[in-house]
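Presented sequentially are two complexes of chain A, the first with chain B as partner and the second with chain C.
Our next item is the complex of A and B:
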C-alpha cells in the first residue's frame, strides 16, 4: 500500500496547488479589505480564459503565457474591484459580501454567454516520467504546476517580509486605522492586494485550463475549496492558506484512493464537512486567527 | 395610512383563512380558474412557499442581522424528509409510506435539528462565518441528495409522495391549483402574522438591538447567543415546513426544486423590498418573481436567443440588479436606512 500512496500524494499536491493559488488571494482580500469575496472564483475563470487565449490563439509558449495571464488577470481583477468594491469600502462586511455575490453572478454568466457553455481545451505537450521500481509516475505538467506554486509562495514570502510595501500590507491587515495614522497609504495597499489576489487567481486559472479545460464554471467549482482551505489555515493568513490548501488537496486525493467507494462518492462534499468540523473545533484554523465575536 | 399598519391582524386573518380553506377543501364546492390564468396560479404557489421561507429569513437577517445564505438547505431537508417518510414504494429510493401529517412533522423537526446544529456551532463566531457555513451546508445537502441515490433517488428524484390537496379535490388540474393557492396563502398569511407579531414585540426590539450592536446588547444583560439561536431555528422550521408543503403539492421531490436559485431569489426579494420591513420583503419577492415570469414570456417572443443563452442573460440581470440595489439603495424600496445602519 505504501507505493500507491506516493502517487496519491503527487495528485494531492497538484490539487493543493490550484487551491493554494486561489486561497492566498482570497485570504489576502479577507484580511485587508475585510470582505468575503464570493466572486473570487470568477477571477480564476478569467485567468483560465486569458490563458486559453494566449496559448491557443496567440500561440505563446507556456511560461510566457503564464506571465501574461498573471498580469492580465491582475489588471482585469483590479479594475473590476475598483469599480465595484472600492467605492463602498466603508459599507461593512455584509454589503460587500452581497456585492460580491451579485458580481459573481454577472461575471459567471457573462463569460458563459461570450465563451459558450462548453469547455475549451488547452493543448500543451506533456512528458511522463515513470519510476517503475518505486511504482509511481510524474508528468512534466504536474511538476510544472507544483513548481509554479512553490515559486509563487516563495516570491510572496519575500514580498511580505522584505519589501516596504509587503510590510505595509501586513501592518494594514493587523490594524488598518493604526497603519493609516503611521503614514501608510492604505488605499495603495488595497490596490496592491487586489492586483495580487486577482493575478494569483489568474495563475490558478491558467494551470487549471492546462490540466483540465477552460470553462465558465471552472473557478466557481473551486471557490468553496479555496474558502475551506483559507479557513482551515486561519482566515487572513497567507501562510496558513498555503498549508491549508495542501492539507486539503492531499486529504482529498488520499481519501478518494483509500476510503471505500461509498464514502468517496461524496467527493468534495467531504471538504465542506471538514470546513464545518474545523469551525467547530478550532475556528481560528492552523494559525489560530481571531474569529470570535466577543 | 402607513403601509405598515392596516387594521386587520394578520395572525387572526391567517387562522380564519386557514379554517375557511380547509372547509372549502372538504366541501363539494370547487373553483376552476380559466386556463389562461393557470400560469399565474402556478407561480403563485411557488411565491407563497418562497414567502414562507422569506418570512423566516427576514426575521434572521432583516431583524437580527444573521447572514443565512443557506435557506434552501432547510427547504430541501424539510422537503426530502417529508418525501422519504410518506412516499409509497418510490422507484429506486426509500419510502416509508406513512401518512402525510407525520411526514410534515418529520420534515419540520429535522429542519429544526439541522438549524440547531448549525446555530450552536457557528453563531458564536464572526458574522461572516455564518454566511460561509450556511452556504457550505446548502452545498452539502445538495451534494448528499444527488449522491445518496439509494435513499433520495438521486437526480431522478423521489416519486409517489401523497398529495393531500389533490386527493380532496379529486385529482389534479385547475381545481387543485386553486385550492392549493388558497391553503398555502392562508398558511403564508398566518406565518407572516406570527413572525410580524414577534418582530413588533419587545422581543423584536432586542433582535434589532443585536443587529445594531451585539456587545451593547450583551452588556444590557440580554443573552445575545440565545436570541440568535432561537431566531435561527425559527427560520429553519418555517423553511422546512415550506419544503414539505412543496413536496406534498408536487407529489415528488427532485433536486431541481431545491437549487441555490431558491436562496438567490429569496435574498434578492428581501433586499429589493427592504430587509427588516415584513411587508416590504414580500413586495420585493413579488417584484423579482414577476420579473422572472415576464422574462419567461419574453424568451418565447424572441426565438433568436437560445433558452440557454437567455438563462445566462437573466441570471446576469439578476446579479446586476443585486449590485445596483446594494450600491444605490441598500435599504431597498420600503426599508428604513437609519434603522438598517446603511447609507446609500
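Our next item is the complex of A and C:
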C-alpha cells in the first residue's frame, strides 16, 4: 500500500537540508554578530567550488571532500569577515548590512571572473532504491544529503550544549555585554561564529554542487530561502532555523503536488505564504525567541 | 571639417542622430580619437555617413554621394565611389559578460574571421571595415546605452548584434535610430512579423530595420514538433522555466505540436535556480504521455535531467535548442543519453568552407549563432558595398538585395564584391542558411534533430525548411 505523501516528504526533506545548512550559519551570525549577512550565499558558492576542486581535481572521495570543504570554506569565510566585517563591528547593523550587500555583489562577480561563466559539474555515482509497494523511491544522494544535515545538526547541538565554547556562544548571543563582563572573550566567540557559519555554508555548497553544479550564483539562488527559514524558525536560533528549513522544504514539495498544473511555478512562493502565516501567529518565529532586538 | 553651418540648406533633412554624429565626430576627429572619421576629401565629416539622403553636413565635404548616386536597392550593382571613406565602422553589441557570455567567443571569432576576409578583399567601398565590440551583458538598459554610443559617438553605420531579450524591450528605441541591425542572435517570435524591409527594398518608409541571420524559434520549434509527430509521439508533457526564453519556446512548441494534431497532456512550469526539480518532475510524470519536452536554461536543465534520470521516469526527451552545448554533455551526457534536441542546422550551403576557416581562426566551440555571425558580418559588408555609400538608410536598402534570391550566387565578400563591381546582382548564400530574407527580415533553414550520447550530439535526421514553411503562416 502506497504511503500518502511519502514521496513529497522525501523531496521536501532534501530541499530542506540544503536550506538548513545555510540557514544555521546565517542565523548564528545574526544572533552573535548582530548582522544580516547578505553575502552568506557567496560563502555557499565558495563551498561549491572548494567541493568541486576537492572531488574533480584532487580526486578525493565525497566524505573526505566534505570535511576538506568544511574547513577550507571556514577559513576563507573567516578571512573575508576579518577583512570586511570585523573592522566595522561597532558601526551598527545598517552599515554592516550594506557592507554585506556590496561584498556579496563583489564576491559573486569575482567568482564568476575567476571560475568562468559556465558551471562546473561534480560527478558522483548515484544509486536509486525503489519501494514500489510503498509508492516512493529514494536515491543514495538524497540519503547522503539528509544524513549529512542531520549529523551536522547533532554535532552542532553537542557543541553548543556540551562545550565551554558553545556555552560561551550561547551566553554571548543572550547578552554580549554580560558575557564580556563575565570574562568571555567575545572576540574569540565571533571568530568561531564566522568559522562555523562559513564552514556550514561550505557544506551546503558542496552538496548543491553535487546535486546541481558549482556556479557563481548557486549560493545566491538559495539565499532568500535561507533567510526565510532563519526568520521562520526565530532569527538567531539555530534549532529554529533547522525546523524552519524543513518546514519550508516540505511545504514547497507538497504544494507542487497539489497546486493546479498551470501554477506549479508558485511552489516556492508557498514558502513565503507559510512564513507570513507563522509570523502572524508567532511573531518570534517557530521557537518564538528573537535573540537580538538591537 | 568640423565647423558645420547650422543654416546650411544641405542639412534640411538632417535628423537628430546625424546632428549628433556631425558634432560629436567632428570633435573626435579633432582629438584624433575616432576610428571612423572621414577624410577631408571624403565624405566630409562623419566617416560613416557618406550620404544620408544628401545630408552629409560636412562644411567642406566634397564628392558626397547623393540619393541619386547611391544605390537604393532597386538599381544595378555599380559601386564606384568617387572618394570613399578610409574606414567604415560597424558596432557589435556583445555578451562579453552576463549569463550568455559562454556563447560569445564563437560569435566574436566568426565575426573577426569575416572582417579579416572582407579587408583582405579590399573592404567595402575599398575602405577598411572596422568592427567595434561593446559589452551589453545581455541587459536591455546596457544595450540601449551601447547602441547610443555606437550611433552618436562612434559613428557606426550599422549594428551587428543584439539578443531577443534586448530587441524586444528596445524595439521602439531601435526604430527611432533608423540604423540597420543585422544580428545572429534572436530566436524570438516577436520578430516573426517585425523587422526587415517588408519586401520594398528601395523604400525605407515601411522598414523595421532589424534582420536576423539565424532561424527563429517558430521554425525550430515547428521542426521539433514535426519530429515528434513523425515518430508517433502523439501525446506529450511540457516542462519549462518561467523565463521569457523558456516560456516562449514552450508556447511555440505547444502551438506547433497541437497544430500537427498532437496533444499536450501536462505542462509544468518551474522557477529557475531550484536546488531540485524532483517534485515538479513527479507532478509532470503523474500524467500519461509518450514523450516530454524540456525548456530550461543549461544549469537548471542539468539539474532536471539528473533528477529525471535518478527518478527513472523514462519516456523520450526532446530538449530546447539552447541546450545544444558541450557543457550539457559534460554534465549529463550519460543521464540524457538517447534524448533528442532539435536545433537549426548549423550546416548551411557554405558551411564546409566556413568550418575549416573557423577552426583555423581560433579555439572557440562552434554553434549556430557563431556561424550566423559570419553571415551577418558578410551581409552587412556587401550591403555597404552595394549601397555605394555609408549612410544607414542606403545600407538598409541594400541588405535584402545582396542576400535574396536572384543574381550571381556568392559565398564570401570577395566573390560578392567582384560581382558587384562587374555590375551584377548578387545572392549571398551563407554558412548557416541561404540567407534569403523574408519580408520581415527572417531566414529559413533546416532543423536538425540530434541525439545525445555520452560523447556528444549525433545528428539523426533533419526536417527540411520546405516542410516547415507549409505550416507557418507568417514569418
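Going forward, the second predicted complex is superposed on the first by the 270 of 294 C-alpha atoms of A that agree within 3 Å, B and C clash if a C-alpha of one lies under 4 Å from a C-alpha of the other, contacts with A are read in each partner's own complex, and residues count from 1 in each chain.
As a working rule, a residue touches a chain if its C-beta (ideal position, glycine included) is under 8 Å from a C-beta of that chain, and two chains touch if they have at least 3 such contacts.
Since we're looking at a predicted model, the values are computed, not measured.
Engineer: Is A:117 touching the first partner chain B, the second partner chain C, both, or neither of them?
Structural biologist: Both partners, chain B and chain C.
Engineer: Name the contact category of A:283: first (chain B only), second (chain C only), both, or neither.
Structural biologist: So A:283 only meets chain B here.
Engineer: Now for A:98: first (chain B), second (chain C), both, or neither, which partner does it touch?
Structural biologist: After superposition on chain A, A:98 lies in contact with chain B alone.
Engineer: Once chain A of both complexes is superposed, is A:231 in touch with chain B (first), chain C (second), both, or neither?
Structural biologist: Only chain B; A:231 stays clear of chain C.
Engineer: Does the superposition put A:275 against chain B (first), chain C (second), both, or neither?
Structural biologist: A:275 contacts chain B only, not chain C.
Engineer: If we overlay the two complexes on their shared chain A, which of chain B and chain C does A:88 touch? Say first, second, both or neither.
Structural biologist: In the superposition, A:88 contacts chain B only.
Engineer: Kindly list the residues of chain A that each of chain B and chain C touches, one partner per complex.
Structural biologist: 112, 117, 265, 267-268
Engineer: Mind pulling up the chain C residues that touch chain A in the complex?
Structural biologist: Touching chain A: residues 97-99, 101-102, 242, 266-271, 273-276, 278-280, 282-283, 298-299, 302-303, 306, 310-312, 327, 330-331 of chain C.
Engineer: Where on chain B does chain A make contact in their complex?
Structural biologist: Residues 65, 67, 121-122, 124-129, 131-133, 135-137, 139-140, 143-144, 147, 214-215, 218, 264, 267, 271, 308-309, 312-313, 315-316, 318-323, 326-327, 330, 342-343.
Engineer: Please give the residue numbers of chain A that touch chain C in the complex, ascending.
Structural biologist: Its residues touching chain C are 7-8, 11-12, 14-15, 18, 112, 117-119, 121, 126, 128, 130, 137, 139, 141, 208, 211-213, 215, 217, 221-222, 252-253, 256-257, 261-265, 267-268.
Engineer: Mind listing the chain A positions that touch chain B in their complex?
Structural biologist: 36, 84, 87-88, 91, 93-95, 97-99, 101-106, 108-110, 112-113, 117, 224, 227-228, 231, 265-269, 272-273, 275-276, 279-280, 283, 291-294
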